[in-house]
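Below is a structure I'd like to ask you about.
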Amino acid sequence: MKTVLLTGFEPFGGETVNPSWEAARRLDGVQLGGARIVARQLPCVFGAALAALDGHLAELRPAMVIAVGQAGGRADISVERVAINIDDARIADNAGQQPIDRSIAVDGPAAYFSTLPIKAIVAGLRARGIPASVSQTAGTFVCNHVMYGLLHRRGPRAGFIHIPYLPEQAAQHPGAPSMSLDDCVAALKLAVELALAHRQDLAVEGGATH
Amino acid sequence: MKTVLLTGFEPFGGETVNPSWEAARRLDGVQLGGARIVARQLPCVFGAALAALDGHLAELRPAMVIAVGQAGGRADISVERVAINIDDARIADNAGQQPIDRSIAVDGPAAYFSTLPIKAIVAGLRARGIPASVSQTAGTFVCNHVMYGLLHRRGPRAGFIHIPYLPEQAAQHPGAPSMSLDDCVAALKLAVELALAHRQDLAVEGGATH
Amino acid sequence: MKTVLLTGFEPFGGETVNPSWEAARRLDGVQLGGARIVARQLPCVFGAALAALDGHLAELRPAMVIAVGQAGGRADISVERVAINIDDARIADNAGQQPIDRSIAVDGPAAYFSTLPIKAIVAGLRARGIPASVSQTAGTFVCNHVMYGLLHRRGPRAGFIHIPYLPEQAAQHPGAPSMSLDDCVAALKLAVELALAHRQDLAVEGGATH
Amino acid sequence: MKTVLLTGFEPFGGETVNPSWEAARRLDGVQLGGARIVARQLPCVFGAALAALDGHLAELRPAMVIAVGQAGGRADISVERVAINIDDARIADNAGQQPIDRSIAVDGPAAYFSTLPIKAIVAGLRARGIPASVSQTAGTFVCNHVMYGLLHRRGPRAGFIHIPYLPEQAAQHPGAPSMSLDDCVAALKLAVELALAHRQDLAVEGGATH
């Protein structure tokens, strides 16, 4: 049976939980679409996150990888289109590092596009009543770092999904949107199913004028 | 046993559901804090909404009334502080009416403050991990109309709570925040409990600089 | 010749300028529509602001008063519809006071509506290419305090206008909208003209659904 | 004397002006930093915009190119970091084309980074009181198309700057932020000066966590 690796991050930025890990770990061991999900946590640390990822890839030899991260302030499930070859940290990572305009892979290309069917995932989530959209930027912090590094390994189909704060986090950030853990778990499960089912992406619009 | 009247609205503005009614009706018949909740739906129509409310007040003689409405675009449970004596409709109501700068009660005061413990409700919701805040305006549409009319009757303790879109609605409004129905139901149940438990409000800040 | 009193505030909240005073003082002495504008600065202090206002009213006996304040984060000229009888300070004022849920006038009504032609002002500004809208809340800080107190005196026609950060302020608050000082000055000048010209307001929509 | 090519776009999306062209054309012929600015308008059309650009590059042989576009809804001058190799049009361009997930250059890399000193430009603008920030995405419409195509030609130093609506545009989009034409012109002039003065960018943070 094929393995789908689903990664989440440890908490960062003063939070005590990270919704990406809370959601991913609830899917550990779940079987769907002829595959088994294995969930692993990554440190929110430049470099160390990719080293941990390498270990998981070597051990599990997954057929697909979906890395998941927290996007505090975003309102929906955002499926990332592209990762760029730059670390530029607005805040320090969990090891105190704050790189500025540093290449993730010195000889790597400027960017990689997700090899997941991002439009099919967004359309499928919306059809099931879960707010979702294509995102044109994964930022320049550890999330983008992991997405770029993951795609730079040129291994299995892979991509990145950002999820909102949990309600318990948003309760501490007045005005911030959130999504329930149940909906986050359902969204990730459905994203795995959709990604397994669509080798080709849908030809539907998911752009931004700027 | 005391009755708490919880009202929700019918859908409006092109939506097929209204989260206020979906949440309220799930609490119909629930007993808590020595009271029993009765849920009733109001039409999203100026005038008719208050006529329906009058019928419910006469029939039920509730000890407390919490009216609930949908605030598409808001991210949290917003507990309204004040209702103002004006109808100014940006869109038509469900009967096609679109009043402009019309008084709700010709001889009424310019506004009424909620007689619910709004700070205690916000603090209690946040303590349970539900995003919430005090709102300084209930708008000028049917929600404000019902809140003003309710308080103008000078009956039992009463107020208004706005809730976000449900996820299934936000899935059709890219970028809009939402809250799960379970969390909306939990929030309203907790709000009733907190309102019954606090005759006096908490002396904590809930203001806006503008 | 009639006098129009235009007030602006001193800086607060860590800012070194307040756009309301920067704009108002540029109109001091300007004559238009058969009236002369007199600009005066108010302290950003609960109580003291109204005491200063009383002095200006007694001295100038204006035919109209427009109080102006800074709304950091808002993008346009917002013409306030209503002031409510409550002080609830999210931050301390310039004298260190931070009242919570205190009435501005113990025996006053819950609110006062602006006696300026708010729709005519918004329509007139937009027609001249200046972004503007009706606002349903002036907050619960010193701006609302002054607007309420001003209308509670039941003197000349009066109201309140909030203006955005200046560009130089927004440059320190990444992502915040701003408006140039020239446009703020033009907006206030036009607002005075429109208010003098319209005894009756326009019957056009300026509401909010929530 | 060196030439700096400054391009702006024709109006699109229902607008009657485009602030990028309004600002750029006011700088046509201006000399600064040992260079002369030449402003040219580009059509808001996939393909045709790059064909027009090629003509201008062949004619002018500029030492530097800054392409400018409108970002309705953004509040500040946003200096783009990266362009990606994809056209995905949310709306039709001015020739009615609406490509979906089409490569701009079939054999091109996934992205190009701006070769302008983006951090120095942002810091310099802020120091002069003009709101500015680094942007991590130029979208997937004609702006990104031109930025990618421009950098794919591997000619002179080049990049892209997005500017907000003009106030007269925002007056038709209630709630939208704007920037005065004078400030837009000053910003672009200063950006040219800063880009000419900084061969190396500043090592200051300009990232996003997501």
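All chains are identified by letter, namely A, B, C and D, in their written order; residue positions are counted from 1 within each chain.
Assume a residue touches a chain if its C-beta (ideal position, glycine included) is under 8 Å from a C-beta of that chain, and two chains touch if they have at least 3 such contacts.
Since this is a predicted model, take the numbers as computed values, not measurements.
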In the contact graph of chains, the distance from chain B to chain D in steps is 2
What chain lies farthest away from chain C once each centre is taken as the mean of the Cα atoms?
-> A
At the chain B/chain C interface, shared numbers over all numbers used: above half (same) or below half (different)?
-> same
Taking each chain's centre as the mean of its CA atoms, chain B sits from chain C at a distance in Å of 30
State, to the nearest whole Å, the distance from the C-alpha centre of chain C to the C-alpha centre of chain D.
-> 37
So, what's the distance in Å between the C-alpha centres of chain C and chain A?
-> 46
Specify the contact topology among the chains shown, as one of line, ring, star, complete or other.
-> ring
Chains touch in the following pairs A-B, A-D, B-C, C-D
Give every residue of chain A touching chain B within the complex, in rising order.
-> 75-76, 125-126, 129-133, 166-168, 170-172, 174-180, 182-183
In the complex with chain B, residue positions of chain C that touch it = 13, 69-74, 81-82, 84-91, 98, 100-101, 109-113, 119, 136-141, 143, 162, 201, 203-210
